[in-house]
Each structure stands twice: as structure tokens, then as C-alpha cells.
Amino acid sequence: MPGVNDFTLKIGTVNGTGSASANGLLMQAIFRMGIPVVGKNVFPSNIQGLPTWYEIRVNKDGYTARNAPFDLMVAMNTGTYKRDVAEIAKGGWLLYDSSWPLPKALHRDDITVLGVPLGEMCVETFGGDRERTLMKNIAYTGALVGLIDIDMDVVMGMLHEKFSKKKHLLDSNDKALRLGYDYVKKHFKCPLPIRLEKMDKTGDHILIDGNAAAALGCVYAGATVGAWYPITPATSLMENFNAYCQQFRVDKETKKKNFCIVQAEDELAAAGIVVGAGWMGARAFTPTAGPGISLMSEFVGLAYYAEVPAVFFDVQRTGPSTGMPTRTQQADILSIAHLSHGDTKHLMLFPANPEECFYLAADSFDIAERFQTPVFVLSDLDIGMNDWMCRRLKWDDARKPDRGKVLSAPDLEKIEKFYRYNATNGDGIAARTLPGVHPKGSYFTRGSGHNKLGGYTEDSDEYREVVDRIARKIDAAAESLPAPEIITHKGNTVGVITIGSARGAVMEALDRLRDDGLSLDYLRVRAFPFSKAVHDFVASHEKCIVIEMNRDAQLRSLLILETGVHGDRLESLLEYGGLPFGTGQIIAGIRGILEGVKA
Amino acid sequence: MPGVNDFTLKIGTVNGTGSASANGLLMQAIFRMGIPVVGKNVFPSNIQGLPTWYEIRVNKDGYTARNAPFDLMVAMNTGTYKRDVAEIAKGGWLLYDSSWPLPKALHRDDITVLGVPLGEMCVETFGGDRERTLMKNIAYTGALVGLIDIDMDVVMGMLHEKFSKKKHLLDSNDKALRLGYDYVKKHFKCPLPIRLEKMDKTGDHILIDGNAAAALGCVYAGATVGAWYPITPATSLMENFNAYCQQFRVDKETKKKNFCIVQAEDELAAAGIVVGAGWMGARAFTPTAGPGISLMSEFVGLAYYAEVPAVFFDVQRTGPSTGMPTRTQQADILSIAHLSHGDTKHLMLFPANPEECFYLAADSFDIAERFQTPVFVLSDLDIGMNDWMCRRLKWDDARKPDRGKVLSAPDLEKIEKFYRYNATNGDGIAARTLPGVHPKGSYFTRGSGHNKLGGYTEDSDEYREVVDRIARKIDAAAESLPAPEIITHKGNTVGVITIGSARGAVMEALDRLRDDGLSLDYLRVRAFPFSKAVHDFVASHEKCIVIEMNRDAQLRSLLILETGVHGDRLESLLEYGGLPFGTGQIIAGIRGILEGVKA
Amino acid sequence: MTSITKPKVQHPANLKNQIGRTRRDYEGSMSTLCAGCGHDSITAAFVDAFWQLDIQPHRVAKLSGIGCSSKTTAYFINESHGFNSVHGRMPAVATGANAANSGLYYVGVSGDGDSLSIGLGQMCHAIRRNVRMLYVLENNGVYGLTKGQFSASADVGSKSKKGEANIQSPIDPVLLALTLGATFVARSFSGDKAQLVPLLKAGLRHGGFALIDVISPCVTFNDHDSSTKSYLYTRQHYHEVASVDFVPLQREIRTDYAEGQRQPVMMHDGSMVHFRKLEANYDPTDRAAAIARVRSAQERGEVVTGLLYINESGMDMHAINNTVETPLVDLPYSTLCPGAAKLDALMEEYR
Amino acid sequence: MTSITKPKVQHPANLKNQIGRTRRDYEGSMSTLCAGCGHDSITAAFVDAFWQLDIQPHRVAKLSGIGCSSKTTAYFINESHGFNSVHGRMPAVATGANAANSGLYYVGVSGDGDSLSIGLGQMCHAIRRNVRMLYVLENNGVYGLTKGQFSASADVGSKSKKGEANIQSPIDPVLLALTLGATFVARSFSGDKAQLVPLLKAGLRHGGFALIDVISPCVTFNDHDSSTKSYLYTRQHYHEVASVDFVPLQREIRTDYAEGQRQPVMMHDGSMVHFRKLEANYDPTDRAAAIARVRSAQERGEVVTGLLYINESGMDMHAINNTVETPLVDLPYSTLCPGAAKLDALMEEYR
């Protein structure tokens, strides 16, 4: 039951009209009231004039998953009235701009309709199309302030911060806010039963999106070269990296940069740039999405076989092909696992939220250099582009980059002769050198057949020796990758396995089910290849339900192949329509599967 | 035991010196004597000056697999003496050019050494570097004619055919042939125990390589548009297509072509051209190898999602990356199965020899049009570039192309309105139209989200409806694809599963094992996704040994994922050093596995 | 508030052309671009050009890559075939389509990101092959759809770039095409319908690859740091929360000026572009002169517009290939399959 | 018969350069190219150029794609770092390497297939970014390594093409680079060491992207249908069985002629190329003049050689980016990581 500090609301507008700012303001205000909140943007793949939505969930217990239907719908777009009204929960509220009539057909008996003539009021109050359009957003914000009891001081504080140097804008915003606020106060019983009350649950937290957090991770890891080609939803990762570098990496006096970002001509080039920079010894990365991954695959095979460290971020969106660029999915897992022709296998990391984006981004460079191979960090649009409530990000100043086996000039002085692909101990990792460091470190890098000495070869045994070692190296890496998140309860025989952004909804669903007397174990993979802990989890449960966001059960496939578990012990719960999992959907899904199993 | 019409020989030379012609002549002569024979070229990835080998196997029973060590070694390259001498079977023979001494260290007690001063004789007999170099090859051919009793009439007949219009060349060749022939007749006891005797076992056969056969299949299927970018070992496929088209597809009077071959600027473009042509309604194809597959993956995803028929030939070579371009492997299977980002699954056909290249190439166009999706024909360097003995290729003039569901102008006249992605019956296939045919057939093709009416969508349900149907369509295709080759014997509990060019060695190994009292069942997959017959085979055997040519057991992975069999019922026998499987290797491998299983 | 529904492209009259079709028959779905986007103006010109040429709608194949510009193939001639392919690779799809069916009209619509960055190689090779198609490059100097990164044509249509051209020189598709031997090269401006429509018509009729570079201002991301009227400025000083949130409704920029004249046009960000229309007696058959003309205009800070070069005697891809006249897709299978007897005969050569 | 072992590149003397190195120190592994291949001549010129410039071998990074030409990076300066990457994508690898470490000498070696077909886009964009590197395009008009298909530079170095240029016009890397704003553009001939070595040295010293297009005949596949001396003819009339079986041992083609002079050179297939060396007083600082010069030479059937254009004041990628002087790879981690305190402070902005 929705109630105080526990409800969902959704705002339907048209993109390019300024609503995103207003929605951000709204969410931030709730956050500053100390109440756990999360917001999700559902936007079209164009720039102006199409329907867009913003979903806010307020939850005192800190659950962050999507939770449709919605308790309060703010329907500002006549073009989507029908759809929006249908999504209101029984007993919920509809706030609409009564300057445009709500068609009779859409009236519902089981909801409360609140009409506010926002458009009209703004036309009366403001001059010019531009200001009228913009201020309407602030006006509905004002209405919400009144209806759900947002702390007016907090909101005003934010407006002051924002417009400290633009008095006239402050005035308009203030005026607009009051328009909506006063109207609802006057016409409706405020606040509604779904309303806010200050808490102190967000003090240790921040609101950040995954792309910003990942970019910050790259900065802290000491990445110096970034190559990219713009693509939704990965674009803001590099934009953020650039912004942080401008802040932290530009010499105050000389204004010189100690980083180099290359906007490449396409993703093939971006991948090549990262490989070139990694070969030189820089920490280099490229953020992209599905189509970019496809285009990068030739270079990924080269980096794998020539053993060049490189970091790839795949902010997944709905595929295949161009698919739905502004919708989310986890459907690149299987292609990346064996990306590029020939025998390959790649390391993958799977952050579940922006916080993990930060830490895993930082880790990814250590891992890439340690194992001298491409590392993929797979987040998705939901994580990458939405603001999530996370714990404050921390850094340990004692942490130093793990560069792996890199021979320095003194190291090279000491040895007789350097051979690039000659691994001397069991980990399968051969020492490398960086160009220009020392004459003895010279070697020839190639994607064609080579032997362990680094020489060109077409000899079967010499070829096999190298690719066998690489296979060993990759498999051995499993135990050094981020460990899975595991929650078990004694005696459980059924486990749930999930990945990435599905975490929030799964965790909440498991809590709910447990409250209802159904206890299930939980594992979330955070890396591929899977470590022993994953194998053990799978082996020690009679049945696991694999919850992931793609059509083809890709994680399940990798689990079967890697752990050797029989497929009939892994059930699938899938969502791939482009929106994040909702908690209810998972609860229903799990119940359905378990009933099927029993039957 | 080697003997009459049952032995192997290998010739080591330097590439670019004209030996390939001589070796071809040799093999063809044996073939024309009615004796089953097969030749394999082991050549370097350069143009001139590096070691190259040619392996010939003569086998009266028609076994065609590689069979090292060799009964007779013709060592013409001082640079590889050591390696070549080591590869001679106990009791075998070494023929070397005694103009250059054979280092003492290389002498072996267990072989017979036959020195022929080929170089010296040619210097004495011919003038000019060019002729001397070329004629030395014919001279060793002459020596072999004497040593293994090749029919001199057959050889002379071939020279006459070849040089009918070049009397002086005929004379030189004749002279060179006699040089070698007379020398061995004079100095050694001829013929050797390993020798030839005329048979009548090749009358219904031809000698052809897989690329030529596949090209012919494309011609017969009515392909009109070919796009390509040169790459070893796929290059000769398009070169052959061009040659056949020049022969069969050019109007005798106008000299106009009814085909269009585009040498693209790279593989991305080649794929795009094929997609464009397929969309227009032409039968279009592109041949490539591993690196090309990686580059094509973005377009493959588009064709999959927009449902455009397209045929891709992957003549596999040793990967990953550039790998060993002149060596063979079957290591693109897994990448192709799920090529491109997002949820995808692709149809694959696996010919085992040139004969199947012809028939499956022809079929691939029917399949691509019927299922409106990319079809991959995966052969490999061994099949594609070596001459194999096959049954004569046949064509049934009654055969008509299966264009699948294409609405004609009259069809369109009859219907109210056409919607592109609206499948009305259970097969999941929606009718398509071809551009320009009829106003009512117009529709918009895109790789972005679309609904079943062909409209752009970002709606979850509409999106899912289409991708779900595509998944159904691909899975349902399994039963319409070429059936597996299966040989079973009552009561067997162990089966062998293999693919492509491994067939020859596996079949022979199974025969041998059966002669030795070990009977195993056999299945060769010829298509993906797997049909019920494959599922049944896997299900009905306690254990299957999966024999394939890659490091990572890719076919085994697909079998596990698709059939749901538990991995511990599938053992792997792998070869991935770049050379084809040898029969002995498979016998030993199977025995080893079965012993391991018992132990 | 409502969805921003823009009227379908409107035309003066419901006149019928020679094949009995009204302009409406050449319209497409409703545009989802920003109000005032230059690309929409080009769409309107397309409608006019096709209508005026009396082309059967269903005999038109429209191809594009990905981008705001590439979307526009959906906004004209509903009753034709459109293919929104992948980013930067439309030239290959068009090449294949044309190879298969030489009988249709081909129109490629692309953007400067699509053509000059990711698709540069493909565009150059389509030019080299002389694939018969009208290729319209809707050039706004930015990546519109991914929200405003600079493209390789950089600051096209702006005077505020002050010498930046010397730092990272923009790629000029017109000079490139002239260098690569293109047989039809023109430049125009989205707002100059009087010039654009005839150029589109000429391009559609050309016997090879016809490139028209159309300067087409992006109303949303056409900003330069230095311009105080720019969107960038507004964004930085007004809305920090979401990066592309408010897009003011702009009006399309129009112009109309005489041949030989210089015409300054103000862009949405307040910067000026100086167009110079080729004079009536300009001779468009001299490639070297065309190159020199474009360069000298650039040096004067002008953007020269009009048909810069044309050569109707060039051979297109099919002429080079010597393909039959009948489109390949229309050849009956019986003429394509050599039949069993020929195969049997051929087998003898493999013995 | 024996393996064809070719002598390592030989030099007149074992002289030491300023840093005490002999020419031998700049040699590489034994070439596996065909005897007489033009690419081997260029390799020899590289050895001389590096030796003469007193460059520390291990401070050289050699990058290439895939092809016979691309293999040659293994054939000079063993003691340097080489990267044989993937076909056509070397410019990106070089860009990344240079971004990471601005302190080394960068040499890219490519072929006409590698640079003008699959790699065209990348080469153009490396030019646009002005990545500091010497880029040598070993141009033979064919795909050597895949056995002789025509490349996009077609019949380079041959007079026997009789008008084919008008049918599918070859892409001229020199004109392209000039059009794209390259800051160092030259052309030479593999056999003209006297011209080539100084050009390589100049290119290595250039502060940006230096393109040298070197006509480098392929001895094996340089044939034209019409030439009776060509390999193609030999093949068709002699050996049908294997398509590339016999490769005659050829001698490298050499030439040496004075500035301003015209020099006809016979190729392996018997065709003639007419080289014209720029005169001593040619002014290489005028881009438009350079373009005109290349075009007019082409019209006369000449291939003009020499340093066509240079501009030392252009800003390279790092100058545009305003990167610190210290190569990025040499920056200590402490200067790269902002540290915990700054992160804590930053967190306040996310509330």
C-alpha cells in the first residue's frame, strides 16, 4: 500500500520542452529531504517533440526498482493521455493540465482526477512562447510541492543555488512555482495520502548516474587516453570524463592537459586508438553501445591475441541492430564473451549501479593490465543514464595501479634477452615491455601467428603453445575478478542468479517473497569468466532461476557452458522490452516458475 | 602397410618457383589412371621464396584424409631438409636433389635415400634462370613417374593438352620429364613397392576445390550480385564465380553481363552491398574469412532484424585476428551463431567437401529467401583451396528457386493493405515485397525498433512481438535445413559427432576402429540450428565424442546449448594447429577418450 | 502542453502532375525533427522535385544511414521504399540495391557525421564507382541525433570559427568529390528552395553519382562557444540539470537570391553565413576550375552554391560492368541457370 | 633448389653515425617479399634515413596494417617496436600510440589497398587530426598479398591503361591529402633512393602528419591485359593449374635523375612510367599551386615527384589538444589521480 514516503509517480511530457530540468529538481528536492528516491527517464530517440516520461519512486526503505503501476500520474502530454491514464494504480491520482480537456473516454472511476490549468495560467503570467513553455514545467512542480508535501524551503534553496546570478530567472521560477502550488492548495485537499515526510536516510548518499560514476573511475584509475564515437547511451560517459579531467587534470598555470581524448571517426577507429595507446603503456578506454561493439570486434580479436590491455565500456541498449537506442537491455553478454572470429574469450565486469560503475571502472584498468587483454565493463542505459541513489564514492589514497608484469629499464638491463610471449610461471601471463623504454625491450607485435619468442610462425606447435597459454591465462583470471554478490540462507534449495541493473528489483522481490514465507538464495555475477563461488552456488542448488534482461537467456547460456550445470536446473526469467525490471514482475515470475516446477 | 595404390607422398619446395603446376599435374595423372587420390597444399602467407609443401595421398579405397607420416618425401628445399626428413615413415623413401648435399646429420637408417641431381641436370639442359627453375619441377615429376609407375602416356597426354599451341614449351617439358625419368630408371630399382596400378575408380568423379564448387552453386542458384573484398582463403570463390559467369552469363552477341560483381572497399561494404541487393530481390552473396566476418557483424545484425535474405560464405582459416591466413580451422562457428550485438541467432550450413559446397551453396539462397535472414555457409581452407575427389556435380533442371513468401504485383492487387512484418501463420515468416513492383507493396525497412505493421516503435510490447516472432522463425527453420549425416549400428552407446572437413578423417577412423572391433555411431551436423535428428542422436547415446577443429570446442558448446544435453556426456577431440585432421590422430584420440572414460 | 505536431509539408495547390499525382502523394510520415530544422526544409524540396519530375512514387528507393538527416527518408513519398540502414554505411546498401535493380530512382540522404566521419570511406568509394544515385548530404556541422558533438565538417555555415579551420581543417565534401572524380557536384542551402528544387531534379536525372551538399542548420546544436545567442550559452547559463532539455521552437531559415549574388544569411545562433550563388554563365564542365572556384570562395569567407560540376558522359557502375539493360532482378531464372547439360559438360574439365 | 634467401639490405660501409651506430643497427629481419619488389627498396631507404638522422633505434615505433607493404616494418630496425595491426586500420593504432606517447618517432607503412580501400576513412582522419607521424604509402596499384586484384589507385605507374582512368578514376593519395589539408605531402619512386632518403628524413622531422606516396612496383602482379610481357599473360598462356605458381626472380628497378627532369622508367611488365622531378626552385608552400601542379602533370601523363607541399606551422594533434609536454605514459600516477580528498569534496555536488 502506498503511503507516506512510499509511492510512485510518473510525469508524461514532450521532449525538448524543458521538463527534464523540472523533473530533476523534483527528485533532488526529495533526496535532500532525506528520503530515498530514484528517477528513471523514459525518452524517445529524437531531440524534440516526442513523448517522454519521468518515473519517480519514493521509498523509505531504500528500494530503487521500477514499480509500475503509478500512484500519481502527471499527464502533461495530450498525445499520451490514453496510455498514461491506463498506467495509474487503482485508487491513484491523475494530475493533468486542464487547459486541454481530458477526453471523457479516459475517465476512470477508480482514480482521483486533479485538473490544474497550467497552460492557461502560464499564458496569463508569462510573455513569449519560450518562457511560457519552460515555466509550465516549474508550475507542475509547484503543484506537486503542494500535493505531496515537498519541503518548499528545500525547493527554494535549490532555485537560489541555481539562479544565484540570474535574478530575473529566479523571479520567474518562483512565480511559476507559486502558480501551481497556490492552485492545488486552493482547490484540493493537500497533501494527498501519498506524501513526503523528512527523513535522514540520504546523508551518506549521492545521486549520480552510472556514466558519470564510470568516468570518475577512469579518472581515478589514471586513464590518460580516451577514444570514442558518440552513441546513445554511452555518450555521457566520455562527456563526463572530459568534464572531470577539465576539473582535475588541467595544469592550473600552463592550462595544459594531462589527458588526451580523441573523438574518433567511428568505433573501429576508437578501438584501434585504445589498442595503440594500451600498447604504448597508457591506460586507455572507449565507451560505446551495441553497434559499436559489433564494429570493434576485429580490433578486440587483435588485442586478445596480441595481448594488449584495453578497456571497453558497453552501456547496453536494446538491440539487435539499431534497435531502440533509448531503451535498456542486457543483450550483448553472449556476443562479447566470444567477440571476434576464431577462438576467443573475454573478461567482462557487470556493475549493478553507478556505485559499482565507479569501482569496477577503476578495477578494469588493473585487470586489463594484469591480464594483458581487453576488459569489458557492461552496464546499461538504466544504470548509465539515470540518476541513482548510491553511497558516497570513496577512494583509498594508498591504492596504486596494478600495472601487471611490465619490465622497467632496470629490469631489462638485468636480463639476457627479452621474449614477449614467454610466460615463465603458471599464471599464463608473459611479461611485456613498453616501447621506447629500453633497447632490450624491443619486440614485434602482431595479430598473425607468433611463437612464444614473439617471432612470426606458421608452425602448428608453436601456434598452439601461445593460444593454449592465452586460454589458461583467461580462465585463471576468474578468481582475480570481482567476486559475486551472494546471500544464502540455510537449507534453501532454490537460488536466484542475476546480473547488473536487475539487482534492485531482484533484491526487493526476494525480500518481499521472504516476508511472504518464501526464502530463496541469491547470487549476482559481477564478472566473467565465473569464479569458483559461482560454480559452487550453481552446484549446491537444486534449481536456480536466472533473471536477466534479454530474449535469449544469454547469462544462462554462459552459466551452462562455464559451470557445466545441466540446463534443466536453470530456469529463466526474462524481460527485454526495453524498460527495467519491475519488482512485481519478478515476484510474479518467480512464483510462476516455482509453481511450474512443482506441477 | 603402404603398397600398391595405397601410400602417401609429400613434396617440399619453395613457393613462387612453379612447383604447384607440377604437383597438380602429378595428382591429375594419378586421378586419370582411375586411382583415388587427394592433394593438399600447405603454403605460406607470402608470394615468393618461402617453404611450401604438397601432400598427395593415393588410396584405392577412396579415403581422402591426411595421413602423416609420409611414405615418400620429395625434398626439394634445402631450407626444410631437417623437418622433411623427419616426416618420412619408417621404411619410407626420400627423393632429394643431390645437386645440393643432404647433411650427414639428417641421414636416417630406416629409410631409403634416392638422390637425383635435378638442379645440375637442368642447368646442363636448359638455358636461363627462368626455364631452369621451372623445368626442375617437371624433372622431379619425371623421376616420380619412374619411381611410382605413373602412366607415361597419361602424363604425356596431359602435356599435349596443355601445350597444344606451344610447341617449344611442349618440347622443354618433354625433355625435363625424361631427365628425371631416365635418371631414376637407370640408377634405382623402379618402380618402388609403393606404386600405382591402373584402376577404374574415378570415372564418376572429378577433382575440384570447394571454392570453385561453391561458386558454381551460386551460378546455378541464380545469384546475380556478388560483393567481396579479397581475403585468403576465400578469394578464389569470387574469382571462380566471375570465371563461370564469363562462361555462362554473358550474352553471346551483346557481350552484356547478367551479373554484377562488386569488389568492395572492405568487408563492411561487401556486407552492405549484399544486404542492399537482397532487399531489392536479387540473390546476392559475399565470400570472406574470419576477419571479414568480424567486420560484417554490424550488417549481419541489420539483416537479421530487418529480415533481409543474404548469403555469407566463411572459408575459415586459423584465427584469432589475422592468425595464420594459409592454415585451416573451424573456429568461427560460435561467433557466427550469435554474430552481432543484441539477441541474434543465425542459420549456418556446414559442407564437408567441395561436392557439398556446390549443393549447399545452391540451397543457401533458397534458405535465405525462405527465412528472410542471413545464411552462413562455413567451409574452410582445406575444403576451399584444395582439390578433392568428388562425385560429378549434377543439376536437376526441374529445380526452381524457392523465393519464399514474396508478394507479386497481382498478389498485391488482391489485398487491402500490405504490412511487412505481419506473419499470419505459425512458421513465423511474414510476406515481403520487392521495391518497385507495385505501389501497394511499399514499406519502410529499418534496423531500429519496428512493430509488426512495419512502423517505427519504441513500445515494449510491439518490439517484443516482432523479435519473438523472429526467434520462432529461426528455431522453426531447423527442420528445413540440410539433414545431418548419420550412421548408426544397433546397440552402440557411444557416438561420434563431427562437422565439415573433419568428415574424411573421422569416417576413415571409424572404419578402422570397426575393423578392430570397436563400433561407434556417427553423426555429422550439416546445419545450425540443429534439427530433431541431432537432438535424438545426442539423447540416445550415453556418450558422444565431438570432433572439431578449434581450441574451444565450439560445436560442443552449441550442442550443449541447443540440445540441452549435459556437458559431461560430450567429450571433445580437438585439433587446431592449422592442418587438417589426420586419420591416425583421430583413432588415437578416440581410443584415448574411451580409455579415459572406462578408467 | 501537447505533443508538438507539425503540419505535414504544405504546398500551394493540389495540382496534379503529368501522371495524375498531387504533391500530397509525394509526402511522407510526419517529421519528428525539431521545429525549424533545416532538414525539414530539404524534405519539402524533395517533395516538390519528385512531383515536378512526374516520378511514380513506388519506383523510388530512398536510402539513409542513421542521424536526424537520415530519418528524413521517412518524411517524403510514403508510397516508395525506404531503407534506414546503419550509421555511415548507406552507400554500400545503395550500391547493392542499384546493382540488383538499375531501374529505380535512388536517393541517398545522409548527414555530415554519417558521410564524413564513419561513412567517409564508403561515400568516396560510391563516388569512385559512380553508382547512379542522388546523394544529398544534409550538412549541419554537428551530430544532431547524439546531441551536438562537432562533426568533421565542423562549423559549416558559420563565421564565428575564427581561424579554427587551420587547426583541424574541416572536410569539405564538395572539394572531396571533385578531387575523387565525381560527375555531378553541387552545393546549396536548405532554405533556398528556388535553388534546391532544380538541383535535386538535375541530380535525380543525372546518369551517375550526384552529390549535393546542402548546408542545413541544426536549430538545436548549432552553437559556438563565442556566440551569446547560442543554445550552448543558454544551456550553460540556465539549465544544468539535463543537458539537452529545452529546445526552443524555431522557425526554418529561408532565403532566395539571384544568380551571381552574395547573400548573407543569419543562422539560428546569430552567426552569419555568406552564400554566393554561381553566376548564370558559370561553366560547370571544368573540374579544375570548379576546385579553384570553391577554394577561392572559401578564402573570401563565402560559401559558393549552385551546380559546380557536371559531366554527363561518365560511365556509371553498370556501364563499367557492362551489365544487361534489364535490371538483374527482372531476369528470369531460366536465363540465369546454365542447366544440367552445361554442368555435365563442364565436369569434363575437372578430370 | 633452395629457399630463396635474399641478402639483408647491404650498405657501402660500416660507418658509424653520431650516436655510434652502424647502418646494420637499423636493419631488420630478412625480407620475405618477392625478389625485386619495390617495397624492399623502400625498406633500404628507411635504413639509410634513420641512420643518417642518428635516431635511437628503440625510440622508433613502426606501425602497419596488412599486406606485402605492411610486412616491411619487420625488415628494418630490429631494435625498435613494430606493430603489424589489422588491415587498413593502422592510422587508428598510430593515433592512439601517439596520443599516449608523443616522445617517439612514428612511422606508418601501408599499401594502396590498406590505405585507399579498407583504410581510406582512417587515413583521411589521421590527416585531419594531424597526427605526428611519417606515413609511407607503398603504392603498387594492386593488392599484392592477396594475389593481384586491382586496388583503388589502379594502374599506378603504367601507361597501358588507355583511358581507363575516366571509367573508374583512381584515387590519388597525394591529391586527397592536399585537399584534406595535410601539412606535408610528397611523392617518390621506390627505385629513386637519392630522392627518397631525403624525403623520408624530412617526413620524420615534420611536426605533423607527413604523407609520402611512393610508387613501388609489384614485380609479380603488375600486369595489364594488354601487356604481352606481363605476368598475367605468362600465367594464362603457360600454367593453368595453379594461379600464382611461378614468380620469376626479378631485379629491383632503380633510377636516379636530376631535379626538374622528366625520367621515363620501365616497369617489370614492360610499361613505362614518366616521372617528373620537381625543379629545385619549386615553392612547396602553396597548397593550391601544388594541387594544380599534380593535376597538370597527370594531364601530360607524368607522375610528378618530390616534396609537393609543406607547412611547418600546422598544429599537430597534441597542440590542438593542448597536451602537456611530457608524454602521457611518463606522467606519474600521483599527478593523474585527484585523490580521496577531492573525491569527498566532489560528492557534495551530487547531493
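A few notes on this one:
Order of writing sets the chain letters: A, B, C and D. Residues in each chain are counted from 1.
The rule is short, and it goes like this: contacts are C-beta pairs under 8 Å (C-beta built on N, C-alpha and C of every residue); 3 or more make two chains touch, one makes a residue touch a chain.
Because the structure is a prediction, the values reported are computed rather than measured.
Annotation: A-D is the more contact-rich of the chain pairs B-D and A-D, by number of C-beta pairs in contact. Chain centres were defined as the mean of their Cα atoms; on that basis the chain farthest from chain D turns out to be A.
For the pair chain B and chain C, the distance between C-alpha centroids works out to 44 Å.
One inter-chain figure worth recording: chain B and chain D are separated by 36 Å, centre to centre, where each centre is the mean of the chain's CA atoms. The residues of chain A that reach two or more other chains are 44-45, 265-266, 291, 298, 302, 321-322, 446-448, listed in rising order. In chain C, the positions touching at least two other chains are 84, 86, 117-118, 120-122, 125, 129, 152. On the chain B side of its complex with chain A, the touching residues are 44-45, 290-291, 293-295, 297-298, 301-302, 304-306, 318-327, 329, 331-332, 334-335, 338-345, 446-449, 457-458, 460-461, 463-464, 467-468, 471, 550-552, 554, 557, 560-561, 564, 566-568, 576-579. Residues of chain D that touch chain A in their complex: 56-59, 61, 63, 73-74, 78-86, 89-101, 103-104, 121-122, 124-125, 129, 317-318, 321-326, 328-329, 331, 333, 335-340, 342-344, 346-347, 350-351. On the side of chain C, the complex with chain D involves touching residues 117-122, 124-125, 128-130, 152, 166-169, 171-172, 175-176, 179-181, 288, 291-292, 295, 314-315, 320.
Contacts from chain B toward chain C in the complex involve residues 31-32, 202, 205-208, 216, 219-225, 227, 248-249, 251, 254-262, 264-266, 268-282, 284, 298-299, 302, 392-397, 400-401, 434-439, 441-448, 456.
Against chain C, in their complex, chain A makes its touches with residues 13-21, 24-25, 28, 44-51, 76-80, 97, 100, 118-119, 129-130, 133-134, 136, 162, 166, 169, 229-232, 235-236, 239, 263, 265-267, 291, 321-322.
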